[in-house]
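Two complexes, one shared chain (chain A), two partners (chain B, chain C).
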Partner chain A sequence: MEKEKPKLNLAVYWGAACGGCCVSVLDVHEKLFDVVANANLVFWPIALDTKYSDVEAMPDGFIDVTLYNGAIRNSENEHIAKLLRQKTKVMVAYGSCAHLGGIPGLANFHTGKEIFERVYVSSESTVNKEKIYPQTSYKIPEGELTLPEFYNDVRTLGQVVDVDYYLPGCPPQTERLLEVFMAIVKKEELPPNGSVIGATDKGQCDECPRKRSDNKKIKQFKRPVEVIDDGETCFLEQGLICMGPATRCGCGYRCIEGNSPCRGCYGPPPGSPDPGSKMMSAIGTMVGSDDPEEIAKIVEQIEDPAGTFYRFSLPAAILRRKLIETTVS
Partner chain B sequence: MTFEPTIVSFLCNWCSYTGADLAGTSRIPYSPNLRTIRIMCSGRIEPTFVMKAFREGADGVLMCGCHPGDCHYHEGNYKCLRRYHLLQKYIVQMGIEKERMRLEWISASEGKQFAALADEFTETIKKLGPSKIKKVMETLT
Partner chain C sequence: MEEIRIGVYICWCGSNIAQLIDVKFIAGEIKKLENVIISRDYKYMCSDPGQETLIADIKQNKLNRIVVAACSPRIHEPTFRKALEKAGLNPYMFQMANIREQDSWVHIDKEYATLKAVALVKAAVSRVKHHEPLNKKSVEVNSATMVIGGGITGLTSALEIAQAGKQVYLIEKSDSLGGITAKIDLTYPDLKSAGQMIRPKISQVQNHNLIEVFLNTILEDISGYVGNFSTKVRRNGTSEEITFGNIIVATGLKPFSPVTIPEYKYKVLPDVITSIELEKMLQDGTVKTSDGSKPDNIAIIHCVGSRNEQYHPYCSRTCCSTALKYANQLRSLLPDAHLFDIYADMRAYGKGCEEFYTNTSNKNIMFLMYDQKNGLPEIRKANSSDNAGMIITFSEKLSGENIEVPVDLVILMTAVEAHEDAKEVARLTGISLCGNDFYIEKHPKLDPVATTTDGVYIAGTCQGPKGIDESIVQAKAAAAKVLSMIAMGSIEIEVAVSHVNEEVCCGCQTCIMVCPYKAISFDEEKNVSVVNEALCKGCGTCGSTCPTGAIKSLHFTDIQILSQIEGLLKTESETI
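What follows is the complex of A and B.
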């Protein structure tokens, strides 16, 4: 009888995330049996009741692969990221948040204090006259209660620990995860550390199914509600902001096939250090006017360049947060 | 000690750099705060250049190209202008004063205008004070 292969130890953890990445792991459907046949799931808070103390008890390097999804928002995210790094051989930043900061990264337009004020005091559905905020520690007769510390800055996983591979996407396409996982199982040759895997080196526009011309002339930028999409012409040529020119290919055109412009979750293609800057460059080429006044007018129609072009990548950008006086002590 | 700003200026090879050269050969004194980078065309100024200049500690960024219609490559300066408007909007959203970044057209014969621009822009940045961008980006809180 063939000797049973030793199983891989697999962990999945969520930091500042919505849970979609963990669900995308479940989207392997019946292939989950292949995964389970090759791996022990040793830690996966969304599905298993393993405690942090169980992870602490594991020897260093015990976990073969960790899929860490979510950004680093608070001290708990950071602590577990460092703990898992210590226990893991191959650390994968799984999904946009771990890769580039993701949607939680947009909080870098504010400070932690501003967010607390909005959430616990000024939001319309809140009554908090005493202005009580969550504390990191609170003493009660039975002992001390603690909560993680909420940081001012959102960081990517790579800014906190060494990451072996980045698997982008919001969420990553499940087929890509399976390919990567099977490559690790079969001990195939893996790309050098720090690479983006599960995506190609091309840009979205290179293989986009929509019809497009090489000489775009945009006269007006519109919001999606203002356009009746013809279902086949390039979104940019219809005046809609599509992040295709500044986004890596590999998602399978899920948004485009669903008649929605690209939002940029796969991050910039290789060689571009800053996703938003690449998009600004591209738009500079496409604005269809040479008249200084008209140019200003057309560009003015782009409502929120920082939020749109850095929707998934603010903490990883060259300017990784908004300048706010209180951030410098 | 008075504050001497660091200003990174991107000058296009065909007009603005030659204009700045003319200011020099004509012996027009102007403020020494500019760190000039010669590029082939103002259309070569990627937004990354501007962000990186600020990130590395520049107090101001000046971009100069040929006058509209005069670009050596026909439309590079228009591309620069479009990116400039977009960048202005972006840096304001990032909490950076929009006066820290400026785009002006300088032709090869405008040495005098270039010297005046350098003085005036340096004065603007002096009034704004040192940029905090580098410090903020390096401080995790």
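What follows is the complex of A and C.
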């Protein structure tokens, strides 16, 4: 019998995530056979029925590569992140949520209490006159039922455990995943730990196919639905908020090629610790007026500025979250 | 990486700091911090022994970062940077914590002032760890100078510089030299001919082989930086380029038009005239009413548009003494006329002017006082029964009575104001305007003719209303500044400038339009922005605007500022 070369042990896990990252792994299509030829999938809840106890039973360092997608929103996300870290040689923060907090991270504009109040009491489709909230523990005759604790803060994976590589994107570009995976398989020289991989240091404008000038004077901010795009002018010059200048390349211009402005999922280039404020500063210079009242009116046209400028990056940004008011005794 | 070894010095500033702040406590607290090798307090860090201690410590203890907690860096940062250089350290490996202006001078609680000082010093220590050495750069100075404005100030500056053997380009937007001085008859308080003073200066300027005069000329654009400016000037429809190393802005001011003051009926009643219109009559030698007759009753009204929130809040400074000059001239021309000087406050300031007022008040002139708070004097056409053309009604302050003054001619001592194009000249030259559109000097007392743009100086009334004597003082001061710059031959330029990381810059060009110094251009080939370091003043606007984080403002990098904030806030949570 032909001696098989040793396979890598691969795990894919989701924290606070939409599931898109897990599905994106399948976007490798027929290349999945290359992956399977080189790896045992030891843990992948979306596709395999592996139990937590199976992971706990693995020796430390048993898993070669974990692709952890999703942010850390509750105690279960944190527990599994720490468990997988212990069992894994190369921990990859896979996708925007694990990298920067992602869309779930926008919940940091509210407190945990506000979110529960909205979801379980005040939402239009809810009737909960007794104001019953989920509890982390509930005793019934048969024993104790538990739920994970819902935290105030959404955190990135890197804020909870040591991360070896960050693979950005919502979801990451599949080709980049394959490149990284094959590099690990072939034991090629890998970048230093803590690096962002599968992306470049340049902003999106670098190779953006659209025409741009140094004279952006925006009189009206619009939503994509309000513009008949000419298909070739810089989105910002058409009054559309494009996060391109504040966002790394690597995605292959998927949105821009589809005539949609960049949403910022690849996160900021290195040395830019707060992409939201960076982009707001830049946008501020593009407002086409010198009159304070007119400027205020123009800026008011930006729908949901916090959610727009920090769409994927809030927990990782300096801003991090809404201020929690505390009373000092 | 070399080990970080920080020396921290807490200055007492005599008792300025030490009487409110426990300097020994701070020195002790700071000593506990990581990387702090030496932490001392001393009575006067800026003194020679203070600096020598610092230098000796650097040498003996191999210190590579220094923090001095003392006064404002505006005062002594250059002092300590020089001391670092003497000790062989790069001067930028230094950070100052201001515990005087920002602490001991503005607080009264000793305990909290001390805690605040600890926080400020911790912030400086935290920041200085991230400092990087920056190297000095120098550029050669073009020895030509552009003087903008051909009034008495511009003429004086131009002559001073040309007489020292240096080229001057004198730019004047009108068709003649001399400015407002050429439009007045006599000067105060000496009552000498202004024409006899300015005409020889004009011909000297016109005949000087090192002064090129540009009349009917406007500036289209100025680019460059101290020592190396160039401009496009347009005259007679053609554009030409000149290059020079320094600029003196001497654009002067203009009289305010009193048509907007309803009480005075200027342009409604023909015998209400402005001071500059009277000057014309005086130059011609006859003072007449609009119908050509000799006026028997003449009133001079002060503060027309000055010291009044509705028009101009400031004092126009020269009008009181000018009014006294008119009183003298009118008394000589019309010995029998009744002269009324209606003033709000008599501000005959300056050498010889109070004496001038005293002399004038002995010349049978009726001085009457009004108060702008109680309304302005009101001028109306007289009835046929009145023995004069017009009547001025107002509340006389000293007598407390409402009085009527019959007059045939009224002279309005109009305010002076900035030119309409002052803003444009400010934009072209990179200087700033105060709320009244006069130019702002670099320091009102210590550097009154320099501006915040190196190589650009202001002189005369474009900086604020002033007399001929004061304008000439500034004209000569500005010329001296320019000549000393030329004498140096080369100058050191700001090194804490912006730097573009070409690996990160994506060419979005957001930085280009925000740069107030036109220091950034776009490299089409590399698809990146490029900073001209000689033009950059290190203001940081591009750095905070850059959406990619590709622009670093040297000496004000994100990591330096963030670690400073971190140092500041850590203290708060630990000690309060």
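The rule is short, and it goes like this: the second predicted complex is superposed on the first by the 315 of 329 C-alpha atoms of A that agree within 3 Å, B and C clash if a C-alpha of one lies under 4 Å from a C-alpha of the other, contacts with A are read in each partner's own complex, and residues count from 1 in each chain.
Simple rule for what comes next: a contact is a pair of C-beta atoms (placed from the backbone, for glycine too) under 8 Å apart; a residue touches a chain by one contact, two chains touch by 3 or more.
This structure is a prediction, so every number in the text was calculated from the model and none was measured.
On the superposed chain A, the positions of chain B and chain C overlap enough to count as a clash.
In the superposed model, A:S213 makes contact with chain C only, not with chain B. Of the two partner chains, chain C is the only one that A:G203 touches; chain B does not reach it.
In the superposition on chain A, A:V127 contacts neither chain B nor chain C.
Of the two partner chains, chain B is the only one that A:A296 touches; chain C does not reach it. In the superposition on chain A, A:I140 makes contact with neither chain B nor chain C.
Using the contact criterion defined above for the overlaid structures, shared-chain residue A:P273 touches chain B and also reaches chain C.
Applying the stated contact rule after C-alpha superposition, one finds that A:P245 touches chain C and leaves chain B untouched. By the touch criterion defined above, A:V225 lies against neither chain B nor chain C after alignment on the C-alpha atoms of chain A.
In the superposition on chain A, the chain among chain B and chain C reaching more residues of chain A is B. Touch criterion met: A:T285 reaches chain B and chain C at once. On chain A, the surface touched by chain B in one complex and the surface touched by chain C in the other have residues 272-273, 278, 281, 284-285, 318 in common.
Interface residues of chain A facing chain B in the complex, by the touch rule stated above, are 109, 111-112, 151-153, 155, 272-274, 276-278, 280-281, 283-285, 287, 290, 292, 295-296, 299-300, 302, 304-307, 309, 317-324, 327-329.
Residues of chain C touching chain A in their complex: 501, 503-510, 512-514, 522, 527, 544-550, 552, 558, 562. Only residues 201-206, 212-216, 244-246, 249, 268-273, 275, 278-279, 281-282, 284-286, 318 of chain A touch chain C when the two sit together in their complex. The part of chain B that touches chain A in the complex is made up of residues 46-48, 51-52, 54-55, 68, 75, 78-83, 85-87, 89-90, 93-96, 132-133, 135-137, 139-141.
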